[in-house]
């Protein structure tokens, strides 16, 4: 692979041109406005401020910050890979969203052969995008922008099909996306990195380390993700008290996991000092762990406990599991997504199942059948009419029992993990095809390969007066 | 000019004192609260949550982030000019807004001799502020804070008069401000920099370059602008579906222009690598290009195409046009605002005119006469009454035909460009007056001139142990 | 003190474990959902979009950014203390909020022995958290994370009791928290740092200085605080015109204080250059100064004047008062909180009192009795019935006169200052207890003490090729 050129001069423009022609054709043929964005449907009944825009846009904006600034900074933690981490995230995210609007639209938002576009589609597309970026974390530093675009091109459809199938046939509760987003992204990324295994990187790489500035930048990314995570977990819940709980649980879970992360970081280091990598990643574990039960009446204390548990599992994963995976299972998980999204995701699913099994009308009142909509009585069931008097507009459900719903959740977990891992492995083989500008081992974790970097970017001495003349050519 | 002192010790305080006395006097004499901020007008009809605050504030907050953090980081891209880029942006922006509240207030928000102040005025003032900051991009690194305040002092009134005259007499559609904001700011800035021409800078300047850290900081600024641009383009549209479309179009346009920017950046570099300056600037082209038609029913595909076109024009401008302007037309456009705001603005206006010419009731329904309000039938026209039954509260218009409206748009483009260029040139001459602390050529692009910088700020070796003692004096 | 070990390996985990067990027990026993987050209370009357969530969450999110990113970056201004400033802020803030939810909940949000949790509690808890972080500014660089957690553990209850007592018994107007937040935080922090006095630090410390990058990072923090301060000052005002005014006044006050800060910074430096520390701190003075009268009809001009006055006092405080306090009163105020929160807070209180004394029904209309709720007529007073016809749902008040209300404000100022200073001093003594890992004088302002730092983090030469091999051990 090393013999291949890694110049992007032809590869990237050609790929992008093909993709853009494809996207533009599909947008032209199939994408129209949804009712809330369509001028024609405005009449003397439609009140402008009732537009769905005003319910969805604030959450969309928060998620935008997480995707582009949060992830971007977080992935810029390598000393000489800041440009790539931040900017490839930007490139991959923008393409993934454009592509997801079409693929998800086809499966979830199409009526009469047209995809109806509104801000709500953008939110869904950003979730698909988050999936790609999480998987990106597994192969960070070892992939070219061409490979990343190809990965997004393949991952978005696999994700969308799985999401659609699970929601349509298994009918699960997963407000925070622990199953459909975090577990999927994790095992897809592990599958891909398994195929892209580079034995020499196990010996340690001279550039696989951080600098003072890159550590600080990465923590900023963490803080942006931390601050807006409640919006992420609550963006697609039912409005009202459900969304309110989702925000409370996410905030509490993040807080307790952050406190725990500091303690464990100091405890697990022989010298009793804090490691920045732990602060950058493990503090966020709570956000994932509350995901599957985030809109349920689990009580604030349970959210607190979930944060602590998720954080502990995540930290131990970084300490013991990741090295093991790399050494013995050929799985080089660069950012440790298996710890932050896999282990925590599994705990989250387990918690969600417990919450489902223990849910009672006593605690939830009749609106239990809104949150667990598949447990609502079926069409024609007299119980449905009673409930509809208490909760107007309650939809008929499948009349599932708690145990049935729990079993479907389990089915969703395993099928998602399977689909994701398989999709990741196949994608990995595609990424190994020639002409994708895959970097050689020595040039991993180095911006110089794909960027015009300032002279002596790896040696600030360059800024020194003597060789300033070199610099003047850099602008 | 070099002989003049550049100490700010007297100049800046005196100028600021004069400005503040002036501003305070004018605020005292003329500024009062608008109805939604006036306690006295609250009665048992006024519902607190109906306050305009709740419609406007979220957009205001997003634009605040763009102005102070987005622009601030973006303009900090020079290796030794980070303090100045970020902090002069802060200074100029705060003054421009205070000043614009008064000037715009006089022209647009005054009733019975009083300026009525609400958050909506602040949004308008931030647009005026954005104009000044865009023009600032043309003279970045070559101007003192005193000059920047003077520029803001002169540019805000010229902008406000042009905005007021165009809206009152030409009556155009320009939701995203392509004409009134981007074209105006661009040609005003070019006019000013034309007069401030410094021949020696064409030979290249030892400090006119970036560092690894400054490039990353600048990309962060780009990302903040990118993320919140939909709020910028939609802040002043009609509420409801119009604003919804504005957000969709801006997001799609930005996405496609970002993807294109990466491809072109790699393609136009002989070594096939990506240039950070392209990512910092060209990715944003789509946001400007969709501006003039952002609230119209142009279809998502058209927004996509506009993003690609604007990005391409912008990129070619950086590659070929800017060097030409600097060498042959004495126009040193430091940040290339002519590419990012001028060329894209012109494409945007052309697109807006096409959208106007092709607009039909078939596509828009009766609300066409809300979006193109000047095409609504005139008072007394029976058609007006029919329409008002369909769209309550539809205002009578001017009964313009599509072609008439298009011609007015064209008139607005050229008159705005003319007024801006002339105003910029005259401002340039004012900025050349002595005692404005204009930096000498060698001290351009250097924070040391106007800031107490940490010792050896241009040479990180200074942090080394040996000379730490020097540092201890720096706090 | 130097002899004590500063390893966090046992101390931090033990303290955190104890705290988490305590918190989890209390959450389990006492914390439940408030009505707007409780599924059971949803019925066919409750409209989802009427949920308090949609009024409170946007302000909560803005304050989150201020607490975690604004403060975090601002406190990272030391050259070698960026990890600590940013990350200890993160740790302290998360714990303080968890703890404040319980303590404030007990005093303000408990019904029938249960704390009712909603987003509104989180906003209140973030205010308590802001208090701790302001006090943290006084002892920055001289304290261990263990000490900071202990400080938060003690400060939150003292703050909450004072807040509760003042609001319940003195009944004051303090929308922006000038008294309850800024004055309290300031004098608590000064009390603590007075006890933690370190004579040797008065001689200057080799690491007590900034670098080019740390100064820029800190300004970013300032900008985030600046941008979202209007949300901070208006989060707890009455909805509608009151909140509208709070946002306008805060924005105007910040703008005028920023402009003033630049002028004074240049004026007070012999060399006529701008000092970054002034931009980082003094520009924010206006936000505090408008606090106590932020929701009143003081006129925009008054907000402007308050910004200028507060900024001037703050700047002079940094220049002359802080050195005096350190040299003669053993008060080492690391970030100058006495200037930014103390002096400005006092001016704010004085302004608030003037606003109260000059308030008339002529200016406010009947809603004067909503803003100054304690001046509303008492139950049974015929005037109350008249007013309730004009303002439905007006609560009966205490029938206070303006002068009476003013006297209660004065009482609140002095009692708060007294309680805070006393609490701070006592906390200071607790922080001096052994085993809290207090850093030795030479290791103050240095990340190396509590963090695994990249090799040669204080000497970027390390990034140089020759010793890259060392680096490879750092990841």
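Each chain gets a letter, A, B and C, in the order it is written, and its residues are counted from 1.
Criterion: a contact is a pair of C-beta atoms (placed from the backbone, for glycine too) under 8 Å apart; a residue touches a chain by one contact, two chains touch by 3 or more.
Please read all numbers here as calculations on a predicted model, not as lab measurements.
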Degree value of the rotation bringing chain A onto chain B, based on Cα positions, nearest 5: 120
Fraction-based call for chain C against chain A, same above half, different below: different
Centre-to-centre distance between chain C and chain A (centres being mean Cα positions), rounded to whole Å: 33
Residue numbers of chain B (touch at least two other chains): 58, 213, 460-461
Residues of chain B touching chain C in the complex: 7-10, 12-13, 15-17, 19-20, 23-24, 27-28, 31-33, 36-44, 46-49, 51-53, 57-58, 61, 64-65, 68-69, 72-73, 76, 82-83, 86-87, 90-91, 94-95, 97-98, 117-119, 122, 145, 213, 217, 450-454, 457, 460-461, 463-465, 468-469, 471-475
Partner chain B, residues of chain C touching it in the complex: 55, 58, 62, 79, 204-213, 215-216, 219-220, 223-224, 226-228, 230-231, 238-245, 247-248, 251-252, 254-256, 258-260, 262-264, 266-267, 269-276, 279, 283, 297, 299-301, 304-305, 308, 363-368, 370-371, 389-392, 458-461
